[in-house]
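The following blocks contain the structures, represented as structure tokens.
Next come two complexes built around chain A: one with chain B, the other with chain C.
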Partner chain A sequence: MMKRRLRSSISTTWQTAVIVVAALLLGALFIAFAGESPLECYGVMLEGALGSMSRISEIMIKMVPLMIMALGVSIAFRAKLWNIGAEGQMIVGAITSAVVGLYIPLLPWLHMIIAPIFGMIGGALWAMIAGWLRVRFNANEVITTMMLNYVALYLLAYMVYGPMQEPGGYNYPQSSSMAESIQLTPLGAGLRVNTSVFVAIGVLILIILFWRSRFGFTVDLLGHGTKITNYAGLNANRTIIWTMMLSGALSGLVGWIEVYGVHFRLLEGIGAGFGDLAVVITLLGKMSPIGILFASFFISALLVGGATMQRMTAIPYSIVDIIQGLVIVLLITQPMIQQKLQARKARGIYVE
Partner chain B sequence: MESIAVEMRDITKIFGHKAANDHVNFTLRRGTIHGLLGENGAGKTTLMNILYGLYKPEGGDIFLKGERVDIQSPEKAISLGIGMVHQHFMLANPLTVTENIMAGNFRKRQILLRKDQFRREVLELAERYKMKVDPDSYIWQNSVGEQQRIEILSVLFQDIDILILDEPTAVLTPSETDELFITLRELVDDGKSIVMITHKLDEILQVADEVTVLRDGKNVGCRKIDETVTKRDLSSMMIGYDIDLDLQSTHECTGDCIALSVKDLTVKNDKGLIALDHISFDIKEGEILGLAGVDGNGQKELCEALTGLRPVEAGQIYVKGDDFTGKNSKDFINAGVSFVPEDRRDVGLALDWNIANNLIIKEYGTDAFSSRGLLLRNKIKSHAKEMIERFDIRAIGEDALVKDLSGGNQQKVILARELNGLPSVLIANQPTRGVDINATMNIRREIIESSNNGTAVLLVSADLEEIIQVSDRIAVIYDGKIMGILPGRSSVAEIGPLMLGERMQRHDETASA
Partner chain C sequence: MWNEIFSLTFLTSLLTATIRLATPILYAALGQIFTQKAGILNLGVEGTMIVSAMAAFTVSYFSGSLWLGFISAIVVGVLWSSIMAWLSNTMNAVQVIAGIGLNILGAGVASYVYRIIFGVRTLPPQIDPFPVVELPLLSKIPVIGPVLFCNNVPTYIAFLLIPVSWFLMERTTFGLRVKMVGEHPRASDAKGIHVTLIRNIAVLIGGACAGAAGAYMSTAYMNLFTDNLVQGQGFMAVAVVIFSKFRPGWALVGSLVFGFSNALQMRLQAIGAGIPNQLLLMLPYIVTIFALISTSRKAEMPSAYTKPYVRMER
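Take a look at the complex of A and B:
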């Protein structure tokens, strides 16, 4: 019994690694079918991901938003609130923070404080809508957050084709660019990676502390059901709403990072599919901050390395999508496989 | 010569890591009532589900009248003449009795449904076994006891020889239980064979011809029931050692102050119907008020109202003299009102969490367990160790998941949390339901001890034996009303009629006494 528990706690840490390795091995099969050498391909990928400072900088550019969003998603997920609307929350956060930069004249340093706060508020309010619908009408948050993604996409389209479109631009779906004084500073000459890395580290530490605080305990408690939450003297409805808001706030913060550190303006397509990737990372990282750190690194490296691979070899970029897909399939089938293995083990004990 | 109806040999069934049935042998003689006795989790229901074709065993054979049979599905079981009445009834509320029985049996009949013919057959069958049933009434109009009768009738309709009943008395009043036993006798006299799953020793002695006892998935013995068999014999077979079944409460309420007072309380249930209708009672410090009654007569709603989890429509709740009407659950917790909920798996415990966390879900925000918002892991851990020691929770440690504990130990986790820090009021709803005998006795002792320390206890239980054993006074609830408040140690004969809705004559005097 004791041994079993020990084994299971170790295995949780290794689950992420096992899934990654299994996905890469299965991916190797696909590469082999395509008539290429898997070893060479992965070599090129690794080189392409980590081969130079600028490559690492590219990984960071992907990893920062993905990790922060996944940390946000994990807050909702641990409360068993299936918030899959990270992308919509990020888009709204991008819009609200861009409004600050474009239309509110402030001192640059004040901008650097107000804009991210606006981004977080935008994301939080967007997520709150789904939380409120859940509390008030018992509406399933999977549906509402997904629908709100579309609403956010069209809101963004309206903004960049309408009131926020760059005056005198060539009718591109984008806003004017942010003043240089309020952009996030690159960490080195010629590198795209910027000070948002420190924001990400800060968020990671805060979230680690969050799960050790009584607020994190409350979120975990909610994850065990609304009945026990009420029984413990908390208001489950209120907890649902602030948990969703907290989750959305982090995605909103990513909206700010993308506007002020990557694109330097609001533009259509700023979401870039980050929402879905954040969900994959959250699940791959088993909803723990450290797990999410590694999972977001893996996915980012895969994206960057894959792009290089496509340029250097005959293997198409879709192998990256295949590996991502394999990760998802493995994540979903993992509990079933584990159960089968356990059942077989148990049978071995009793049949003899 | 007695012939054998069913023989099960070497049945083995494994769930996960545990053998629910470990090479179990079971023999049912024709024309007898066979008690299948064991504690929760001993494997009784599993064994019968195998006989009914719901589970496929990992090993073993089943013989019907000497012939080996392979029962892969309930359909097959029914065609072989084996019927089962589950603990939870499978009746459709909006349909009438006849329609329900038709729904369970239409397949083998002609294409066109002939309701009048069915109705006649239902009546004939009911008459044959002296069961009172109105074939035209709707299910929801029938009491739980009547619904069970309908369920049995529906199974009998399938021309079965062997009837399996899973804990049939769990939901019945004493008099309904007596009626059920009369029906069972009729069936047996007609040549049917019955297996009755139960964990109640009295019932075995009262109605069974034979008993098979299961413990930890193993058959520990089979006995004929005669005058020489005692409860003590059966209980020691069931749990493996002797236990003192007579908890003598030396408890005397000594307090004068009223800790909990309820005045004209009216509360609605989840459907918006009146669940409690102007009920009033007081509980003094150190007093145990037992609330007897059949399940579903407003007990759950009362407990929730008294802990701030359900809104009050009218009336007042006073805790130690302060008006708590309309306060929320946090306020009640802070006032020292503890609550052992009926549904421990959903409400009282987070099953996928460890013991340590479960012990602090009401207190983690206090200075005892957190400082500047951060949880103090060491204090949580040492607190858990202390509670495990004090309440004798059997687990591998404070990190053990609650879902891996037995029902009794799960309940101990709740009691440890709720009794820690000397509550002023304890609301306990079915604290020993589904818990083994040994743990039951411990839980009753803990409740008595807390009242000795001054806690006012409202003990809600459908188990009259429990109510009589520990209560200072006994209130009886029926259909959301208090039928009367009796002194402690009243007899089943006195309490029983009130549980069926007969109002006590001297209600007002005793209530205020």
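Take a look at the complex of A and C:
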């Protein structure tokens, strides 16, 4: 049993590695098309991503929120709930957690507990709307989460231009800065990476345990269909709502990290593009916690390295988007290609 | 401020902007009606639009012909959406994921190719956009005239496409087949309808329309290409399809609602009115959620929505 699991996880890792390499090779074609040397450009990218301590700190700054968000997305995806509203859930989490820091006077250590909880509640409630609409009206969660993304986006804009705008702050779309005592502390002098790394590790462990728990099993079961879940004597509707809430809670937690650890205030455009990135990472990590850990590292390194590459070479940053898009396209064609290959192999045996 | 808002010039400029903002959404939505009715949710419209916008601009810039640019954008739209057709109908991939992937890829490819061709410039290269063609007599009617009958040719074409797509969907065998493969692919297959073929055509129609929408953005609405030219119009089109419950006439209403809220926001900002317009911008999306609820309840959504059709499976 253990052996079989190990073998299957090795073969999945192997397949994913092939896909990443294939995407990088196809990306190399684009670089060659621009008249540059792919090897040289990828070298600059690698150097820019891992060249120094501060570069690695930059990777961590991206990796922590993206990994937590992808872990949240993976919970919904494994239940076959296509929650593409992680960004909206993160935004609402950022707003609710910022409210605590800005308006509720508490002791700093109490803030450190209450603010993330508020963030998680905000994200969970936002995701719950989509879950509830699905259960009550059979409304497709793809459309609802997508629409709620925009509603959240404009809600944020309303907040930072309106009631939560920094008083006397030159009309910038941002709130006042969080008090230093409640900000997340950096891990080293001159580095941006902060204590949220430990939060990420904690979440990762919790999610690994989650998939071994009874509820984790129910979520996986839901992925096989609501009928099966109901036949198993479990309440599919309730599971849908709880799954969405859990998924949204993690995105909400990321909202807290962005407000208290990266920007130190609520501002327009916070975490822009994180939703799509989280989906890429979830799929690349094959929805498993450890897979997501590695995938989030790879994507974050790609983002940080890509920025350096844009500065140092003639290759635009958009190559990063191209590689990510290729990764997704290759990933979703993989099962079918594998099936076809296996069918061919089986036919070969039959003929012999 | 208020007498400025309630003036006739403000109203006219607001409505003109509404039409200009609604047209690309209308183009894309009309195509997506076919795609979605055939049971395929293509979230990659945004990506198709940005790639086509880039193609339209580049071709127009080098050839000097706007129409050549427009047509090549449609061709690029068809080609780009053929990836979606292949992913969803041949590879049976999860359509939502395929759409997201193609959006990221499209944004990357459009921006990359543009930067490689034009390089980094302080001033972006520009073209002369589609000129306004005033329709004789009709354009002289106050308010309605300048709003409806003083537009560029692509806008008129978009409006003409409404009855065309209604006819195609409601009065032809092809339309019936599109609806059938979206409703019950297995029964359609038993009736001898080539499910994959019809679905592929439906996706390509959507791609052609998204191509036209992209071309509109870079050569009619604007006269240049930027990376964030298509900011959400593709998603708005998907929303409008749901909002309109798959009816071309109502797609116009939906596009106008989205166009109007955007236009009002821009106009109010232009005159410096301190009205919280973000809440207004939210409204169309909330309305779409309500529309989705009512379509889902009355089972107006295609039954095989987002479900790939596998012949062997029982």
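Everything below uses one rule, namely that the second predicted complex is superposed on the first by the 342 of 352 C-alpha atoms of A that agree within 3 Å, B and C clash if a C-alpha of one lies under 4 Å from a C-alpha of the other, contacts with A are read in each partner's own complex, and residues count from 1 in each chain.
In this text, a contact is a pair of C-beta atoms (placed from the backbone, for glycine too) under 8 Å apart; a residue touches a chain by one contact, two chains touch by 3 or more.
Because the structure is predicted, anything quoted here is derived from the model rather than measured.
Enquirer: So, on chain A, is it clash or fit between chain B and chain C?
Expert: Pair status: fit.
Enquirer: Between chain B and chain C, which one contacts more residues of chain A in the superposed model?
Expert: C
Enquirer: In the superposed arrangement, does A:Thr333 touch chain B (first), chain C (second), both or neither?
Expert: second
Enquirer: Regarding the shared-chain residue A:Gln324, is it in contact with chain B (first), chain C (second), both, or neither?
Expert: After superposing on A, A:Gln324 lies in contact with chain C but is clear of chain B.
Enquirer: After the superposition on A, what does A:Tyr103 contact: first (chain B), second (chain C), both or neither?
Expert: neither
Enquirer: I'd like to know which partner A:Tyr170 touches here: chain B for first, chain C for second, both or neither.
Expert: After superposing on A, A:Tyr170 lies clear of both chain B and chain C.
Enquirer: Thinking of the overlay built on chain A, is A:Thr144 touched by chain B (first), by chain C (second), by both, or by neither?
Expert: In the superposition, A:Thr144 contacts chain C only.
Enquirer: After lining up the shared chain so the two structures overlap, which partner does A:Trp82 touch, if you call chain B first and chain C second: first, second, both or neither?
Expert: second
Enquirer: Thinking of the overlay built on chain A, is A:Leu155 touched by chain B (first), by chain C (second), by both, or by neither?
Expert: Once the two structures are laid over each other on A, A:Leu155 reaches chain C alone.
Enquirer: Minimum C-alpha distance between chain B and chain C after superposition, to be given in whole Å.
Expert: Shortest inter-chain C-alpha distance (chain B to chain C): 7 Å.
Enquirer: Note which residues of chain B are touching chain A in the complex, please.
Expert: Listed in rising order, the residues of chain B that touch chain A are 12, 14, 16-19, 22, 58-59, 309, 328-330, 332-334, 339, 341, 343, 346-353, 357, 361-362, 364-365, 370, 373-375, 377, 396-397, 399-400.
Enquirer: Can you list the residues on chain A that touch chain B in the complex?
Expert: It comes out as residues 1-2, 5, 209, 212-215, 217, 220-221, 224-225, 227-228, 230-235, 342-343, 346-347, 349-351.
Enquirer: What does chain A use to touch chain C in their complex?
Expert: Spelled out, the residues of chain A in touch with chain C are 30, 33-34, 82, 84, 133, 137-140, 142-144, 146-148, 150-151, 154-155, 157-158, 161-162, 276, 279-280, 283, 316, 318-326, 328-329, 332-333, 336.
Enquirer: Sort out for me which residues of chain C touch chain A in the complex.
Expert: Residues in contact with chain A: 41, 43, 83, 87, 90-94, 96-98, 100-112, 115-116, 227, 232, 235, 238-239, 242, 276, 278-279, 281-282, 285-286, 288-289, 292-293, 296-297, 301, 305-306.
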